[in-house]
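What follows is a set of structures for review.
In the two assemblies presented below, subunit A is common to both, partnered first by subunit B and then by subunit C.
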Partner chain A sequence: MSAPPPAGGSVPARALTYVDAERTLALRTDYERKETIFERPPELSSEDLGLVEHWQARGRPHRLPVGESVEGYGVFTFPYGPVTMGVPESGAFDIRTYGERVLELVPEVGYKSRRIASAVVGRVPADALLRVERFAGNFSASHAAAFLGAVEVANGIRVPEEELWTRALAQELQRVYNHVRLIARVAEAASQNVGLAQAHALAEESLRLMARTFGHRWAFGAFAPGNRFRRLGPDDRRALGERLRAYDREFASLWELFLGSRTFIDRIQSTALVSRADAIRWGAVGPTLRASGVAWDDRLRAPSPPYTDLFVPLAQGSEGDALARVLVREEEVRSSLLLVEQMLDRWTSVRGGEYVPRPPVEPGRGIVRLEAPSGDLVYDVRLADGRVAALGVRTPSQVNWPLFALGMRGAVFTDFHFALESFGLAFADTDG
Partner chain B sequence: MTNIAGVLLLVSVIGLFAGAPLAILSRRLGYAVTLVASGLLVATAILVLAYGPVTAISWSGVIAEPESMRLDGLSAFFALTAGIVWIGTSAFSLDYDHHDTPWLAVAYSLTLGSIAIVLTSTNFLVFLAGWEAMTLASYWMILEATGRPARTFSAAFVFLAFGEGSSLLVALAIAAFYSLSGGFAMTAITVAGPVTSLVFVAALLGFGLKMGIAPFHMSEWLPIAHSSAPSNASAVLSSTLTLAGVYGLFRLLTLLPEGPSWWGGLLLIIGAISALLGALFAAVSEHAKGLPAYSTIENNGLILVALGVALIARAEDVPTLFAFALFAAFFQALAHAVTKATLFLCAGYIERSTGTVDLNRVRGRPKGADAAASGAILVASLSLAAGPPLAGFVSEWMILEALFQSFRFSVPALQFLGLLAGAAVALAAGLVVVAMVKFLGFTVLWKPVATDRTPRRWGLSTPIAALATVIVALGVLSPWILQFLTPAASTFAGYSLTAPVSGLLAVPNGWSIVSGSPFGILSPPALAIALVLGLVPPLIYFAFGGPRKERPTPVWSSGRAPSAAEETYTSFGYSTGMRIMLRGLLGTREIRQRAGPAIAAEVATPEAYNVDLEVLDVFKVVYDSLVRAALWFADGLKRAVMPGRIGRYLAYILVIVLIVMVYTALAL
Partner chain C sequence: MSSWVERAWKKGIVTTSYPAEPATEEEAPPSGRAPQVADCSSFAAFAAAAESHCPTRAIGASGLDQGKCIRCSRCLPSGFRAAAELEAASGGRSSLLWIDGVPPKSTAAPAPLAPIGRSITVFLMDAGSCNACNLEVLALANPYYDAHRLGISFTNSPRHADVLVVVGVPTAGLVEPLKRTYEAMPSPKAVLAVGACAIDGGIFENTPGLDSTVRSVVPVDLFVSGCPPPPLAVLDGILRLAGRDRTRSGGSP
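Coming up: the complex of A and B.
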């Protein structure tokens, strides 16, 4: 590890979760006491400030700070990306190495910046939603739900409960898609071609289910008022439920195939280790955090309907390696399917109910955190005259990049793809 | 004709020594004289190989045995090889030696002269004197290196220590030989016995030490010493000093009766291990002169392997394989000496034109460097990497062909040993490719770089290019070269051999090298012709194909600004994969140290670390513990016997004298 633990000998189990642009308000997560703390004014350490600078340095390519610089005989920088084979999106890495072994990895993000957070300022929420959904296509349901939730909190308007259930349904379907696709990509990196093809087929299947249910493969426009393409009638729900039961079986047999492959397991076991202390210190979120032994899932720790009414299993690992992260995601595929099943079973009982959002942190301002497929996603919306006055977003990918960089230290080049895929990072999600 | 050759030989040996006093007058004059003398030596050797042995002078009475200056087939081959190398190095030195003092030139000349004494003497006392003079003169040459004195002294000391160890073992071999033959003259012994094996083993270790073979390659005594020397000296040391070791071994084997087959087996084992370790360390070396020096260990190992196969074949009575392996050994010695000299001179050229010998910092030939030197680097490193149809390719092919035929041995253990040695040699050949691609890739194949030095140095590049031409010629004309070397091989065999050349299909008789009867066949000239013919159409196209379609574009660096693309792969990085994969053999370990003071964990201010990936020779551990044990013993003895108590010290002397007396009485 790069840094000695702070005085006292132990890493405090608190992590910075969000800071707004003016740095007047901060969100902290206390993993020991399992609660979220609002700080106003925030006490930001220099370590926090480094993270905040990176979260807020949008709109231009910049190097993420990861806390070390390495020099030595024969050491050089290997530039990787942004337009190169193996880097799935536009993003780059500077790899310090003496050949073969990664001594230090510095991600360079910002190539994909579309300045969405500033582009939505001055628009009505329905209009802004179109842009927010396109933050990162594969996390669109989470972004849309978080944005809408924050708008509702800011406005203090009641939401029909069925609407919340619809959003959750879309999110869980998208989580299934993302996790299955991630497993497919790890399989691809490990040249597990049969499993790769089957996992891709399953991922495609989940996209088609999404399209049948919400009228769009990425659920674009699914939550817009008066969406005509939503098909959630009784027959649709029954068909979806049956299809998902088959899906569950297919996924279970596919996973058995993966578990039976020594090459697959060997290549991801002990790859890109993230210790529990590191995960908390750098504010890791989502499966990355849970795979390092921290039991935190927003659906359990900061729940809103329908998760308050459902049984949410917690997937957790302790090894902190790529295998643990993949295992957590595999469990979450199952738990998401279970959640969808519960929702479909109890759909009729929620009809007509209304949900009153929690009170806003200040008038016209709503902050919502929810569990996106790659982890905790925070939306901070300020409204003025019914229009978006300011938007603050902190995505899971932003937070998890340093963990990837840390995990890659000491790994060999060939570990790169397993490691990268196991974190489920997206440049689009980072850059906005 | 023999009279002329005799006079030529005398003149050339005197000329090699005459370079020393003349160099004091003028360095260039000294080198010019050694250049001419080397030419005369080559001419003499050619005459001897063509017309038979020649004796320049002989005298008696000065020492116990009659002595003469003589070249027979065997020594003529080595004189020819050395002479070719010396022509190149002397011509190179004319422009290379920029020292303030003439002492490098003096030591150079003395080294050449004493190697010539070693090659031409017919009496082991003179041989040993020449051997010792050669070691001392080489020691002086290494001392003349410019650069950090501490490193130079330690390199020279290491060289001297190992050189004297070699002399000691050679003296032991000669003493054992004397006990058999009753004289120091180089006359064959006919009676075999356990002492002949003692002569063989002592000679193998003594001469092998000079060749840098395992287990005496230590951690790099030869690479340290050879790479620290000035480049012209490195070339002479690495190609002809080790060649003297090869000659000594060959010469002694001609005088000994036919030995048991384990002699050959021992050669195979030592040779194969040397080849493998030499190649391995060459592949992970970052020093433009250290890399060729490790490659020398590999090549000398190959010579021993070929000789080992030959000895086993002789003991097992497989005459065709014996002849083929013997020719392979000779050709390997010739090919290696010329190629290695070229490569060391190339390293000197690189050092002169870029100011560094660190392959990580060389990074490309200087802009406008002359094509001759670049071509020479290409040819020399391709030849060492066994690229057809160059000399190194032919010798490597012959050695592997010889090993393939280990099934002809009657003893299964020997067959198996041949297989293992074959695998080791093949692996070494693969590792050397890595080393040579690195050498080549990070020098001439890299994008040209601007330096403040003057790259065009015809005085340096012409001799290199000439030697490179010899490498090509040796490879392409190898069937005829082998035929020409028949007298040398016949001298070794003790009976007349025929070169393993023949013809097959459309290839005319004498154009192909044939192993076995026939087992494998290779025609380097036909291969060369095919290669050239294959090159003709594209060359015609380039010459007459109209204007080239070229479109200059900026360098693509994955879509980032080119400034980031300036960061390039280092030569260290090129072979780190090997360091990590073979960490068991190389003892690789990473040393990670904080570069600055420990600072609080802060994201914005990165902590600085220094990382070093070190490799270690497993044999070095053994040597280190030997050194420690010797020091401990000496220290203990000193404390126990030497100080204060005169009585104890006298008792010690008395005991020693008694032991010596008892031993002498028993021996008589």
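Coming up: the complex of A and C.
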């Protein structure tokens, strides 16, 4: 059992405690046999159902403190944001400092709240989807897949397996985009301008692949409830496979150059440390959690088709610093490309198959967890008369802010961008 | 060090030749495609069939409002077809209303930055977007678009900016920051509203709590439609503000 949250701190009720975090360490990936080994059978447990207390978007800016405020001689608050190009989104930070080191950092979120969770109430799922996929544009495939999955569980709709594979394909392509862009952002912070341009170009290429495959650079409108909106023909799949192999080679050679750059590695090594204990106590998710040494990936831990049929390599670090997080993401770019390759190889074998979703926890209510690029994404949808009656969303950015705040304690100002980018946080994903 | 040079050499030049040459299919991808009527003599019939499918009420008897359109493609089965026209997708607010489904003959918008001309500094303000528009605007800095070759650069402070690019629907917390950002800019200045959310709210129009539009807060000079618009549409919008776009300069910016 993980340690209880610290008294006085504001551990949110939504934080997920990893009851069996010790045991999940037994997970390991066997590349030769092409399998990732579990100690316990993956199934949705009562612990997962505890996630129903969701983040409540308040529709106005609010602070997310992680404990008592720091006081002392010469300590003042340095406000950063909400309008700044250093962070290409609108959100603010209160930085407590005496001028050199960051003693405490309090993220202020909610500036961008569009209250999507309440805006979709009373709408049919197809109309709600238009808003849900615009929750966070760069994670749109994950949001759409989670919402549609929850609607299908709530309704008990059978889904063509090919549709699930298509959704997973979009998610993996978007994961590649997000991770490559994150590496570009870290390179930008480190003033690695050649590396930045090269990584930026690769990110653009992944968007173009997405546009070619799904008809939209951000996969908006690529899916619809229950049925397949866009079919991937054999020509689409062949072209995608060829381009991805070239992409893989290019990414690998670029990463080799980054690894050889001392200035790049020095800036992110031991920056913004998140200890394993903190990661577990604050309920970190995604690459942030895995970089701190906890082997938890929803594609393995709570898998849904097609991940149940595929070899999903586990990317895991142990140091918990920005370097470890970047390394985990770099490995995940490769594993996502490998997953897409497996899917393309076996595409024809799923034709005509149907997936029967598991029974809902209660009639008309579906809960889906899946691994978005920045971590565990939960959608809890209640339907009444074919319309959305309530929507609860818990996104990876919402739960990972406290880890960023903890990691920045004691860091110098210039570490800010390395630290922020390495967590892959998005204000849009937080506020909704 | 030398290996970086070798890599850059091998990669070659990937930068687009827009606006000297028209945009290719790859550069103006389907996410930038606005619906267009296949046969304008029968617009009324198409509109009647498609009106009920349109989630943002962009299609009506009076015409097709590109500013409201989020490119969801739901109207396509009713007879609309997609059209990639970067230049037609931006302009003043009234020029985005395509009466009878055809673009207005003259979309020449005023060029408030014509006195500045060749060096344009851009500040990006996120007023409540989903991130897609932000990332499409910032993509102008990547080697595929390289806006810097046209004298366009991004700045980190509104006090150094000529153009304010606004993305997203103004949320309660960002109306005031948007106003103050605009006021902090020196003259001459221009505002470019990018994306359906920044034009009329897009899919979030009429959402409780989102009562403002960008143009109700700051004066907007030019609108770029799309959800999100592709990077070249944003680039074209910025060039238009300086009177250097393709339609006006015939490809020699």
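Quick notes on this structure:
To be clear about the criterion, the second predicted complex is superposed on the first by the 370 of 432 C-alpha atoms of A that agree within 3 Å, B and C clash if a C-alpha of one lies under 4 Å from a C-alpha of the other, contacts with A are read in each partner's own complex, and residues count from 1 in each chain.
We take it that a contact is a pair of C-beta atoms (placed from the backbone, for glycine too) under 8 Å apart; a residue touches a chain by one contact, two chains touch by 3 or more.
What you are looking at is a predicted structure, and each value in this text was computed from that prediction instead of being measured.
In the superposition on chain A, A:412 makes contact with subunit B only, while subunit C stays out of contact range. In the superposed pair of complexes, A:70 makes contact with subunit B only, with no contact to subunit C. Of the two partner chains, subunit B is the only one that A:98 touches; subunit C does not reach it. Using the contact criterion defined above for the overlaid structures, shared-chain residue A:114 touches subunit C, although it does not reach subunit B.
Contact with neither subunit B nor subunit C is seen for A:388 once the two complexes are overlaid on the shared chain.
Within the superposed three-chain model, A:289 lies out of touch with both subunit B and subunit C [touch as defined at top]. Once the two complexes are laid over each other on the shared chain, residue contacts for A:82 go to subunit B and to subunit C alike. The interface of subunit A with subunit B overlaps its interface with subunit C at residues 82-84, 90. In the complex of the two chains, the subunit C residues touching subunit A come out as 3-4, 7-8, 11, 14, 26, 29-31, 55, 70-73, 123-136, 138-139, 141-144, 154-158, 168-169, 171-174, 177, 180-181, 203-204, 207-210, 227-228, 230. Note for the complex: subunit A touches subunit B at residues 2-6, 46-47, 49-51, 53-54, 65-84, 90, 92, 94, 97-101, 103, 281, 402, 412. Residues 286, 360, 557-560, 564-565, 567-577, 579-580, 595, 598, 600-604, 606-613 of subunit B are the ones touching subunit A in the complex.
For subunit A in complex with subunit C, the residues that touch the partner chain are 59-61, 82-86, 88-90, 110-115, 118-119, 127, 130-131, 134-138, 140, 181, 194-195, 197-198, 200-201, 203-204, 207-208, 211-212, 215-218, 220-221, 253-254, 257, 260, 426, 428-429.
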